[in-house]
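In what comes next, subunit A is part of two complexes: it sits with subunit B in the first one and with subunit C in the second one.
After this line comes the complex of A and B, so read on.
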């Protein structure tokens, strides 16, 4: 009985991981920044699915509401409201893209090597608890993590005040 | 649950002062005057400092180990509060000319709150959020002068690069969490096994990169000259002392508590960063012609000397770092505040335009000379003793090559610091004695405002007193260092 479930979990994980990767490559390769933003939606949504597969149901829902919903809309608005006729210096030099590929490859090789060769304390076969996580997260926010939670509200306050001052048109 | 709010009172007081300044300003018909805002902020700082002093010797942790309330944290909190007070006083000319004064004061106080929490953070989550609180507010404050393109550029650069470095820092934290299953620094230490572990090394490198941005260590220093040059000068002063000191406070705490050298040997890595930071900072500073950029590279070099003390990885090293940061805060504030007053006077940021300053403004020339000599590390100023202690701590751990690099660097730095003093004292305008018809002497002198003069006087007194009583102040740091290092 367990084997088919495991196969299903593994299958859906690899499917969504592949979609996320394809979306990420699309973000980088798309010619128009608008298309990049749409590819980003694909990646973010597949990551939400991955979270759910890993048993983080609340995180998956939040990922959809905030990243797929709000942040993408914000990015699209930003693109649409930015004037088109701004002269930008040509940034697609060969040297620059070579450097980008080199750095990306280096990060990939180093992190893969490290993840494969390191000793991790928990084995991959630890079963994922099959129950909703929302209650535990709520409990945590008001007990163990009460201080970081309050600090995050100061951070948001700073973001709001600063954004208003910076974006405001002076007469 | 330990929800003892008394332990958090210094931060609560400062946040309340920030909120008060912004809200009262918003609801008063013509906005608050500069003087009234200064009273609110100064009152908040004084109350916060008094509350922090009461916590001396508490040495406990609060909110389930999210923050530490130890003497180490209190030492840094008092340092940041003092620095913020001087920056506010020095900012009074800037505040006269800028709009949104209440928000400026409010964000500065909130940034200080973030730095205070950063120095006390005992948990990776708290640490990360406090870094974001301080970085975000500093990014806004750097862009405050909206008429100037350079200020906007400074804010944007700082924002983008701090977001980038936060990403690296978070990656390192995630690896650390994955390895140990804990976010609390003390619990992480209990779970890290003996022996080399590639993931642990990568996590360490990423954490150092994230902190390296905050303290502008080479090779994460690229933003420093541009942001220092573009941001309003009071903010540059704040960035160069308080923000840097908080970055070091957090670095030392994380390295000492979560990653003790008995398990992970990071000495060589930090020593290499220190050597690179000192050398690059000093060599590039040699060729600067703009005073702000020169001080930016000088502050990079100073970060290198602090890293020498961090690399020592001992209680002596931590005490030396604390004393160095105390000395550096007073000295660099004196240098920047003197620059604010001088730039107001001459309308120029070029080092060459400081020529003959002693005839026009002997007091400003004296203040700048004292702070530059202290930065260079000459006795009897505090900078000398600060360098002595960090080099001693490194030599004590057998890092003689690093001490040698540091001493050679100090000699090199003397050249560009002394060049400025030479310009101010020996050279007249145009190379000779100053005449009546000189272009700069005929400029209408904008005398330093009372706030600026007070701030400069206090900072110079700090440089002199900390130097004369260096043993006493080192002793204070030494006692406080015991709470994080063994």
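After this line comes the complex of A and C, so read on.
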């Protein structure tokens, strides 16, 4: 017997998973690249909701702040800055579509193998810890993983300087 | 914990309905009689001059990139703020090192004129 709240949580999980999948299909099928980006926002936001439902509230918030907020802005800027009437090479040809099918099949087989062979924790035997995760993440980040945390800062610094150097070269 | 996201879920549902309902109603009941004047492009009532799809300066991409960097930095501030009262001085020093390293990048961007509005 499933409790009503459990059914609600499961129902909303599958709803958001379905929205994420629909958005992903929209990304591929949309004719305009800007519409693809908007569908991507839908997918990423739905993924944030599934993270929250799975008990990773901090990860869900990070997903919203970084992916829905920043990465999408980056993608939209990229679209905005791309010259509109670029002559693209004709993207037909048997070799090209064969390669596409091959890569898609390879990705599908690998991910299906991983999903099927992985040991998934059953929700009944190992219930999701029902408490906010931010404190635990902070506890780990500033004690055990203090060095990786500072390394992240150096990584961000390298990314920023690299971006400036590349952008200045183009001018 | 998931239950505490209930109000957010309700806000999402209400916002979705709030956005889609007027669109749906206007599609159903609004009369559509387009003519050449109604379909003409306009900008605050005046006809546009020159092409509207202009190429923006590539420089703007740099702002977006720097925004992403500081967005990632801001994410680290949240667990720090939650844990700060428990860890005290140690957490303060760690965050100073973290932000200090990024300030080097900020100073570099400033010096190289990456933040100049062109």
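Here, the second predicted complex is superposed on the first by the 140 of 171 C-alpha atoms of A that agree within 3 Å, B and C clash if a C-alpha of one lies under 4 Å from a C-alpha of the other, contacts with A are read in each partner's own complex, and residues count from 1 in each chain.
Everything below uses one rule, namely that contacts are C-beta pairs under 8 Å (C-beta built on N, C-alpha and C of every residue); 3 or more make two chains touch, one makes a residue touch a chain.
Note that the structure is predicted; figures quoted are calculated from it, not measured.
S.K.: For A:99, select first, second, both or neither according to whether it touches subunit B, subunit C, the two together, or no partner.
M.R.: neither
S.K.: Scan A:157 for contacts with subunit B and subunit C and give back first, second, both or neither.
M.R.: both
S.K.: In the superposed model, which partner reaches more residues of subunit A, subunit B or subunit C?
M.R.: C
S.K.: For A:146, select first, second, both or neither according to whether it touches subunit B, subunit C, the two together, or no partner.
M.R.: Both subunit B and subunit C are touched by A:146.
S.K.: Check the residue A:114 against both partner chains and state whether it touches subunit B (first), subunit C (second), both, or neither.
M.R.: A:114: touches subunit B, not subunit C.
S.K.: On subunit A, what residues does subunit B touch that subunit C touches as well?
M.R.: In subunit A, positions 143, 146, 152, 154, 157, 159, 161, 170 sit in both the subunit B and subunit C interfaces.
S.K.: Can you name the residues of subunit A that touch subunit B in the complex?
M.R.: It comes out as residues 110-111, 113-115, 117-122, 143-148, 151-152, 154-155, 157-159, 161-162, 165-166, 170.
S.K.: For subunit C, which residues count as touching subunit A in their complex?
M.R.: Going by the criterion above, the answer is residues 1-3, 5, 9, 12, 53, 55-62, 64-69, 71-76, 78-80, 82-83, 86-87, 90-91, 94, 97-99, 101-102, 104-106, 108-109, 112, 114.
S.K.: Enumerate the contact residues on subunit A facing subunit C in the complex.
M.R.: Listed in rising order, the residues are 5, 9, 12, 49, 52-53, 55, 57-58, 61-62, 65-66, 69-71, 73-74, 77-78, 80-81, 83-84, 128, 130-132, 134-135, 137-139, 141-143, 146, 149-150, 152-154, 156-157, 159-161, 163-164, 167-168, 170-171.
S.K.: Touching residues of subunit B toward subunit A in the complex: what are they?
M.R.: Residues of subunit B touching subunit A: 1, 3, 8, 15, 22, 62-64, 66-67, 99-100, 103, 106-107, 110, 113-114, 117, 123, 125-126, 129-130, 132-133, 136-137, 139-140, 143-144, 146, 155, 175, 178-181, 191, 193, 197-202.
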